[in-house]
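Got a structure for you, written out below as structure tokens; questions coming shortly.
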């Protein structure tokens, strides 16, 4: 689904990605993990084309994304911080995104699922953080995209919504979709992820299943495994 | 692009500031015409306003909109839309709504006053065209500044400084250099210097209509050719178009390289 | 007894010169339609030459066409073309020499050098003639109507265009010039030199090299004339040079590079004139004393008044200035703050003409404003203490 080769990215003097290689197959849930500043968001934004890399190549569905934009039809993206134009109403925002993408969408189900009906006529600037995140989720999931990129999807969600989100992710997975997730909540990662991609200092430090990670680090739970991984010498 | 343009435009049309701007011009137009009852005087006053205020509003509004719509922009960037379309669409949305406020705000009172029967129609149309150009130019310049400066305060400062430079300081330096080098033939220099500042350029264009009598008093052959024939008008309009296209081109160019 | 002698191409009498020769004093020569190739027609007795349906007298560029050397001659209704051009002799279509009581009317002149030339001839009338030249260069073109040492002449309802000076007066006093239209001439529409006590009213001067030049003359009255579109370097509606005790009233100066250019002229009253959209409405050069400007309208000129010195001995009172931004709290129709018609910028433009491209820039407005508040370069007593709030009628 995604092939990243030898990706470099510098912001000023700060080198964030240093020759990153990553291959993500079609289908399954991949958690992109790593300490703060390890380049998770930069990697995701590079795949989305929001960040222009200095060197290296990215291909989505086998096609290089350089100077292209149509491939984003295949991506549903949930940004880390849900910033929306404040003077739009929720309804208008959804309508606008639908209008822009011109794809079949199932926002009604999602609105129902997250009980957003009372907020449809409210302006986005008046919404609470959690509600905004729900709107964010609706926008990311309402189209039938083969690739979903979720940057910290759990932020601000109440337990009920969190359950809904997990179910939603599993449902999408069942449809054979590829889902890329970053999160700081290890419990959430442990529950949903099939595979872990661990970034350190701008490179892939580890890629494999949770079990493999646990074995490698001699830890029994994911959180400790993740904490330990950075201190273990480079993997074989 | 048209969709982005549409959303930016609607967004702005609904914003308070567009109304304030529109109402300001509307009231100004009515006051100038109906309290004074003097079209020629109104056109002269309008000219002063247009070459100073329109660039200022274009600059400030452009920077403000760009920074305020950062979220909107980021939302759009993840959508299957070309980058250049996003920025061009937003730019045209802002420039378009500002131009519309200007043209309608001033146009309505003038039409009601019976401008079409007056022979000031050409002067007035020229004013509006120049105003539209200045709006486009300064909005584009401010978008460029905002795009190149993540820091809002800094971007805002640069934008206001740019306006101040082009509206006042440039002419001061221009005047000083003319006085210092007055022993030399300066007519080509002074025309070229006018071309490098869109405000001066617009002013020249309006002078061609309002002050042609005075302009033709000058001896230089280059001046005579410039002001005495259509050459001045054509060249000025061409330069204004260039002034509009170049910042827009740079906007598209830099936006392609920028990270979000 | 007066008789009428008919001349026509098919008649027994085919030539005007012959007609003049056989005519007796006070006869009328009736010249029928046709073309007469003649020049040097000398009229030496009181005669009336009356053209019927504009007969053409074609001088074939040979020289002068009609010379009047007798009193009481009338020329009426002729079409005279192809006057000879010379660099040594001022050939004219009609020349009047030392004669009185002449009347020249309804004459059309084309392809001429000089048109109607009055030389030491008094008490005559030049009415309703049309003079259409095709002058290109000043050095080989002549004037439309020229008066030289000719007094008490009336020049009325003539149309003069495309010559060097439309109407030219030299050493000619008490001449009345009314209702003429002098346009598209190379040099001046009307030109006075050393002529006193003349009056010109209701004339139109448009698109000439310069409108009217009044030089070295006294007591000229200039009333109700229109000066328009005299554009170009050193082009002006009216030039006053060494003029004293004149009256200039009720004139309209519109779209001239300079409305009135004044040099060394004193005791002139400017009243009820309209200065509209000129580059400079009034430009004062050199010493001009005791002039009065009152009840004039200064409308949308690039510059209202320009001075080249810091001295001012002229009075500006109760004019209307479209640039005036003051207020009238006591509602007496007169602004409560004085108006300063001389801008610093006009002073700068005088020194460095290229700066004209900065006209109406914000920077110049700021500078002008500071000069207005505390005059440094412009005469500080030059102000209209009673600017009108409404246009003077």
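Side notes on the structure shown:
Think of it as A, B and C in the order they're written, each chain with its own count starting at 1.
Heads up, the rule we're going with is that a contact is a pair of C-beta atoms (placed from the backbone, for glycine too) under 8 Å apart; a residue touches a chain by one contact, two chains touch by 3 or more.
Because the structure is predicted, anything quoted here is derived from the model rather than measured.
Chains B-C form the pair joined by the most contacting C-beta pairs. Central chain (C-alpha centroid nearest the global protein C-alpha centroid): B. Look at where the CA atoms of chain B average out and do the same for chain C: the two points lie 45 Å apart.
Chain A and chain C have centres, each the mean of its CA atoms, that are 87 Å apart. By the touch criterion stated above, chain A contacts chain B in their complex at residues 11, 45, 48-52, 67, 69-73, 75, 77, 79, 83-88, 96-97, 99-101. Across the complex, chain B meets chain C through its residues 38, 40-41, 44, 47-48, 51-52, 167-169, 171-172, 174-175, 178-179, 182, 186-187, 189-191, 193-194, 199-200, 203-204, 206-207, 210-220, 223-224. Across the complex, chain B is touched by residues 231-235, 255-258, 277-280, 299-300, 302-303, 322, 348, 351-366 of chain C.
Chain contact summary for the complex, chain B toward chain A: residues 3, 7, 11, 14-15, 69-72, 74-83, 256-260.
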